[in-house]
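These are the structures in question, set out in turn.
Shared between the two complexes below is subunit A, which pairs with subunit B and subunit C, respectively.
Our next item is the complex of A and B:
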């Protein structure tokens, strides 16, 4: 692999993504839905009041965190007296809602759920379209398949990271300006952490899209695959766990079971989750590259 | 029929194909294909539709992976080997350029991947587009180009950076005569420094352009060698037409010529003569004799073409 080629392909793929329309849709979809979801939350605070809202979010957070960390069958979780029996989950939610700006935590946890969906809608066509029309053939005698694959991934990862930075910056400004509940310093510090977390979360999904895009010859098929597999996978795993508990481990086929630890109060767990996301990224890239190098183009 | 080529092939050929086989499900597209391409010449790959030409090119370019066999490019290694990146280019068949980027941006990227700086790449792209008559389209998207112009754009990218081996899959298909002639001249110019492997259904064009030829039929190499070897391998025939049938004496006199192997009457004053020898002299000898016999032909067709040989080798193949 030639890193100069990777950089060249990455930098040329970003404007290519934007001009194709996919990138514009990706950016608009991410920013509009991200801001809209934040607006809904702010409106809830205004309607319910900060105390009632925090209580509502706490229940939702407990349920979400207990589910994705496989702390019990989802059918039994609501009976655990608001998760009082799950001390670790309770402390985690407390940290997000009492020690950090609660509203921003709610917004960013929601984004952590949405980012994989955004990525599947925007990163599906890294190679599939060019494979379908044969455009990659013009580059393949000048560079290696590895450089082409990693260049397209890197371009999309940088584009996604830039989108996330734009989104989180606007969200912090939006929350800070709409509600006079938090210090700007707290908002910015937590915003930076959550931006890092969301970028970490996005990487394995971008890599997953790279994999699918490199083995499927049609952008539409790639979109269907990524758009179905990414959101459906945690529901299938958690649903399967209700039937037979060991099947819950299926959640680790994708980063869903790891990514929320990036918002954990224990820095060691955050580092573990970040490394986990990188490991998923490496795995998906390895699989994508393996099949891309073996296939006929 | 298979003609082994022993002459003129250099020690390290530009391309060496050894026993390459490729199947698509039950269809065997290439069956133990072997040949060598010497450096700095133009080599034509000839074959009917479905002969395996594009499959062969795709394997050489690394788009397809052969089931078995070996390919060595520029003495360095197999397709995709780091040592050949940027030294080989291809005009693929039916590949499209990105409709969402300017032609300039796409070609600059390709040139930069072949090792040029951005400034050098821009200059080279401008020069390459000028060679194929597309200078006015530098900043435009490929979507505005006609089929022929897209073909010329593909050829321009193949020339970028003066690659040592250039593979052109039907480069003049879809081009008007003026542009086809322009492309043929560019190929001739390139062959001074580069090796050009070209496929075409226009056999007259290939006969005029190529130094070497490989005839492929249903995935099998039927003949390979220099153009002269290939031409010599086929039985040369000429068709003559007269107002009336030749007499027995006239036929006997023609048969007595050393250059004439046989004469077949085809009816209504038409005769097919098998001719031994290349060039114009054997045919001139026949015409001189006919002049002496006061039997002036009203038509003459020299069948000593690549097309004749191609048809004789692939006669029962479907077009």
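Our next item is the complex of A and C:
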């Protein structure tokens, strides 16, 4: 693999992404729906008031965090809660809502749920389109398969990171300048942390899209695969856990079970989660490259 | 230039324009309907809380001229979106690039004017929703004047 080629391919793939329909839709979809979902949460603060809003978000967060960290069957969670089995989750939610700016925490946890969906709808066409039209064969006259694969991944990862930074910057600036609820220092510190977390979350999904895109011959099929597998996987795992508890571990087939630890109060767990996301990225890239090298073009 | 020379990004932009253009028209009609229905509800003496009545009264007190200006801007925005969408598909300099930039300017004006002229009960005031509605015009202008500048030259 030639790193100069990787850099050149990554750099040229960003404007190429924008010229392609998927890049335009990805950017518009991510920014508009990201802001729309944030707006729904901010509206809840105005409708419910700060105290009721915090209570409402706390209930939702407890359920979400308990489900993705496999504390128990979803049907048994209320009982677990009654006997103090979810105290660690309560402490986590308390940290997000009392020690950090609650509104930003709520918005960014929602974005953590949405980022994989945005990625699945925007990053699916890294190689599939070129494979369909046979353009890859011409590109491989001047570079290697691994350079092309990593270059496209890197370009898409940087494009996705830029979208996330744009989205989180707008949100932090809006909450800081319009709502007058939190100190600027707290907002910026938590905003930077959450931006880093969202970028970490996006990487394995971009890598997963690279893998699918490298093995499927049509962008539409790649979209169907990524658009179905990524959002459906946690529901399937949690549903399967309700039938037989060990099946809940299926959630670790993708980063869903790891990614929310990036918002944990314990820095060691945050680092562990970030490393987990990078490990998933490496695994998906390895699988993608393996199949891309083996495939008949 | 053959139609196959058109970057797929322009096609996507055109499709988004058609969707948003239709929504702008519906939004404009929505302003008229809300203003009209609010008046009817107050005059018919519907049962409602004092807060709801106050909100409706503010909407009814907004002048028809202000509503008319905002609705005209909404329709202009919608029309420019549809026309520039056709321009993108045909890769026309005037219909595509100029009308697309025109849309950007009119859309930003529309958001600013509606925030200034209409009561918060109708526009929700300055919110993330307002920033969201500024994203697409700004994004369009950036793309038309950089990425797709040379593609709209017919």
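Assume the second predicted complex is superposed on the first by the 289 of 297 C-alpha atoms of A that agree within 3 Å, B and C clash if a C-alpha of one lies under 4 Å from a C-alpha of the other, contacts with A are read in each partner's own complex, and residues count from 1 in each chain.
By definition in this document, a contact is a pair of C-beta atoms (placed from the backbone, for glycine too) under 8 Å apart; a residue touches a chain by one contact, two chains touch by 3 or more.
Quick caveat: nothing in here was measured; it's all calculated off a predicted structure.
Undergrad: Looking at the overlay, what does A:143 touch: subunit B (first), subunit C (second), both, or neither?
TA: Only subunit B; A:143 stays clear of subunit C.
Undergrad: With the two complexes superposed on chain A, say which partner A:191 touches: subunit B (first), subunit C (second), both, or neither.
TA: In the superposed model, A:191 contacts neither subunit B nor subunit C.
Undergrad: On the A-aligned overlay, A:19 touches which partner chain: subunit B = first, subunit C = second, or both, or neither?
TA: both
Undergrad: Using the superposition on chain A described above, determine whether A:5 touches subunit B (first), subunit C (second), both, or neither.
TA: first
Undergrad: Answer with first, second, both or neither: which of subunit B and subunit C does A:294 touch in the superposed model?
TA: first
Undergrad: Is A:130 touching anything from subunit B or subunit C once the two structures are fitted on A? First, second, both or neither.
TA: A:130 sits against subunit B, while subunit C stays out of touch.
Undergrad: Is A:174 touching the first partner subunit B, the second partner subunit C, both, or neither of them?
TA: second
Undergrad: Can you list the residues of subunit A that meet both subunit B and subunit C?
TA: In subunit A, positions 15, 19-21 sit in both the subunit B and subunit C interfaces.
Undergrad: Using the touch definition up top, name the residues of subunit A that touch subunit C in the complex.
TA: Listed in rising order, the residues are 15, 18-25, 27-28, 31-32, 35-36, 38-39, 42-43, 170-171, 174, 178.
Undergrad: Per the contact definition, I'd like the list of subunit A residues that touch subunit B in the complex.
TA: Where subunit A meets subunit B, its residues are 2, 5, 8-9, 12, 15-16, 19-21, 130, 133-135, 137-145, 294-297.
Undergrad: Give the list of subunit B residues in touch with subunit A in this complex.
TA: 58, 61-65, 80, 82, 84-86, 88-90, 92, 94-98, 100-101, 105-106, 109-110, 112-114, 154, 157
Undergrad: Which residues of subunit C touch subunit A in the complex?
TA: By the definition above, subunit C touches subunit A via 7-9, 11-13, 16, 124, 126-129, 131-132, 135-136, 139, 143, 147-148.
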